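Each of the next two complexes has subunit A plus one more chain, namely subunit B in the first and subunit C in the second.
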Partner chain A sequence: MTKREGKNDQGLVDVALRDQELLHLEQDVGSLLDEYDVEYPSEAEIMMTIDRLRPFVPVKVNKRELMFRNMAVLLKRALHEIFYISPLFWVANSLFFLVALAAVFLGEQNPYGMIMILAPIPTLTGLMEALKSRNTGMAELEMSFKYSLQEMILSKMVIIGGFNLLINLVISVSLTVFYHHIWLWKLLLFWITPFTVMTAIAFIIVNRLRHFYAITASLMIWISFGGLISQSHFIGKLESLSPVVYILITISAGLVIIGRITHMYKRGMTYELNP
Partner chain B sequence: MNLILDKISKCFGDKIVLDDISLELTPGVYGILGANGSGKTTLMRILATVMNPSSGHISFNGQDINDMEHRYRELIGYLPQQVGLYKSFTAEKFLSYIAYLKGLTKAETQDKVTEVLDLVGLSEQRKEKVGKYSGGMKRRIGIAQALLNDPKLLIVDEPTAGLDPKERIRLRNLLSRISSHRIVLLSTHIVSDIEYIAKEVLILKEGQLIQKDTPQRLLNEIEGKVWTVQVSEGEILELQSKYKVVNIALVREKYELRILSDTRPHIHAISEVPHLEDLYLYHFDEGASQDAAVKV
Partner chain C sequence: MPEDQELIKEILTGSQAAMEVLTRKYYKPLYAFVYRKIGNKETAYDLTQDIFIKMMQSIHSYSQKGAFKSWLFSIAVNHCRDYWKSAGYRQINKQSELTETLESKQKSVSYIFEQKETREQVKHAIHNLPEYQREAVILKYYHHLKIKEIATLTETSVSTVKSRLKQGLTKLSISLKRGEEDDQARRQK
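Moving on to the complex of A and B:
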């Protein structure tokens, strides 16, 4: 017998012994487990365990309910913010409103052109209010509060949008009451298109740039555009455009606004202070 | 109640601003000492949730603050180093607005505003616009807003910067008074701000926490290393070149030098009781000898 054959035989014996040991151990553990009895808990104990675990069970969220709840909270906050918006914002926009009315009633300007010029101005001036935290050095502090900075900005944007809606509705209704040849739906279209487009741009500015110069630039661009609109041949061209064009532009801008609001609400602004 | 920081790091690009900070905080005043750029403000911003750490976790009473979200923010009061305030608001209106942003109810707000204005000694100026306040009053209104929600964790970054000595002492005493049931984290590079009120001092250097201990134990470390000696003007330069001279004062036509040294720096040198300022300069000594001011 060679040395290698001897080692192999010894190995086989070791394996057989180990198997036998395992078999014994399995039998011992088996008999121990057979004797072991798990006591069934009482009804009271079961209920107590369920009650203790209940706080840790994730609550099933009803998405629609959550959306309505979030909207209600947002509106509540927006209403509260009204009292903290600078009086300058209300005064300046009331003046714009009066100037627009005077231009139509006294200056005999084209009412469609006038409402188009006025439409986005409250939103653009309102951006200054929305970005006030950053400009006044309050942003860092406000980021540490229960209501996040983006929630506050969103609340302010809701007020600004609501105010814009109100101011333009008042003008549109006043014009149609006094000038019977003016079509209300056309006025609304001439208001809602620049309003949604500029609001969409405003949300992008708020979300990304957050600088006052961007607002000033937007206002300047719009006022220059207003100068163009006030020329009768240009407003004539705008009036000749199909309403479908306006509706498509409005829908596109509306989608951008919804997208921006959802983004701000869900993820917040990617805002981080630098050292 | 405890706040645990577990391996907190923060990087801006390649620059490491905070490096692997781990510590536990319990109620009391903690003073964070560090030179400019040592990472104090970054650490405070991370704790105030206005900045995210690059890595690591923070837990409050065992719960991760990211999971707690606004429940954590409800528990904190924060005063950043630079805070602008809404200048056109009166103190009362400003605090009411902040109370609303902190989620206080209308019923709670009025009482709480009155309480914090009393606490910071601004009750008589409650109808004045905060834009007209002095620097000290602005810092006090800053503290007041931080206290509105009765925070469990108060984070104040350089609260005494730019204040005159009287205002600094007043603010220091105020922080000490309100620290009994909360964790107060106070960052400063003015050592005397924390010398008498801090339960523990955290020393940050180049983004690393190099020491965390009671002021007394930290001072024991430099016991026997602080000396004073009166010398003539001609000897000053020589001593400055050999030792860390932390102060030079003119006393009866002689110059009294305060020196940090392991050995007696001069035959007439007397061993002194160390102060936290000595400890600070022991760690942040760059240029101290050259910058030591002459006090007359």
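Moving on to the complex of A and C:
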């Protein structure tokens, strides 16, 4: 047996002895310790404690149900907001629709380029409409009503986005009905991509930028970009790009939109009421 | 009876009923621990309520790995320790010291033994133990926790717990036997 093994054995014996000693002590005083009984609080007192705990129980939330409920509320409010959107918005966008059709049918413009240019314009003009109340000093008044300003802007954005979607679909379907050589899927891809990208930018503007002029600037930038697209060599390059690129851009922009909407709904916006 | 883990899951999804079941399950053991540690009924009631509130406030952070009982008792141990340090305890302690002084003037020290109130003897003996020894004895003897569990929830080593238990039980043995002898001596007189 080595010295270390001997020490270990001695240590184990010591531990066993101490445990034994502890057991004896427990047996020695055990019966006496039993005498220290406890008088418990009454049932009513226990119930009072339970009632004090009730507010601390997390509130039961069915996430799916809550999501559907929020969406229903948002759509209902959006329908209500239709009546508060300026007639100028509807007229201007109907004109865009006519311009797009005329440019393709009469001006024999490239339909893909045309739809790409026009796709996000209703959203950008709609953003002006959505922020109009803030700019005209109506925001404080709106905030005193039942819904918050961000909820109202979100509702307007839903209407504007929906309208843009509808107008683009109508243009796409009209073009493919009259021009059989136009490929519908390609047309859809050509308007969905700029539409989602510009909508994402619009939501970022609504959420972050505090100046109305930022929207005007975005609109001007997009129109200049439109001028570039209308040149045949540039549209040719865009047409040669793989559809995967468009799809990836659309998905990324879509995620930004979802993120922004969630952010607006949960936290509200931080822009100033009196710029 | 549903397992603690199941009850906690239900509480986290908003079940008031599960909260009630869990609270009732541990109310008496927890109250008994606090009462034996503090020795005052009203304070023990308030502290037990506070401990359950703390439990509810941090129930989402309970990891489900260890036993719930140990987790709950660790909250209780820490809450009682905080109480000892608090101004509230010092206030009550001063009052009880004053009461004890007045009582000792009115009655002899052996009055309790004359009344053969063994319960009071034990209570007195336990409360005369240093805090850490008292804590170890109560958890081991009245709540049947293993030495390792006591070590975990009091954040100390197994050997320290054993040492605290040995010292505490030795003191209790001496104190309680002396009390018994005094009692017998009084009876013989």
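What we mean here is this: the second predicted complex is superposed on the first by the 210 of 275 C-alpha atoms of A that agree within 3 Å, B and C clash if a C-alpha of one lies under 4 Å from a C-alpha of the other, contacts with A are read in each partner's own complex, and residues count from 1 in each chain.
The rule is short, and it goes like this: a residue touches a chain if its C-beta (ideal position, glycine included) is under 8 Å from a C-beta of that chain, and two chains touch if they have at least 3 such contacts.
Small disclaimer: the values here were computed from a predicted structure and weren't measured.
In the superposed model, A:L32 lies in contact with subunit C only, and not with subunit B. Of the two partner chains placed by superposition, only subunit C is touched by A:Y40; subunit B is not.
Look at A:Y84: by the touch rule set out above, it reaches subunit B but stays clear of subunit C. Residue by residue along subunit A, subunit B and subunit C are tallied for touches, and C comes out ahead. Of the two partner chains placed by the overlay, only subunit B lies in contact with A:M152; subunit C stays clear of it.
Across the superposed pair, subunit B and subunit C touch subunit A at no common residue.
By the touch rule above, subunit B contacts subunit A in their complex via residues 12, 17, 41-42, 45, 48-52, 70, 73-74, 76, 78-80, 82-89, 93, 97-98, 100-103, 145, 149. Those residues of subunit A lying in contact with subunit B across their complex are 80, 84, 86, 132, 136-138, 140-148, 152, 272-275. Across the complex, subunit C meets subunit A through its residues 11-16, 19-20, 23-24, 27-28, 31-32, 35-36, 41, 45, 48-49, 52-53, 56-57, 60, 118-119, 121-123, 126, 137, 140-142, 162, 165-166, 169-170, 172-173, 176.
Every residue of subunit A that touches subunit C in the complex is listed here, in rising order: 18-19, 21-22, 25-26, 28-30, 32-33, 35-41, 45-46, 49-50, 52-54, 56-61.
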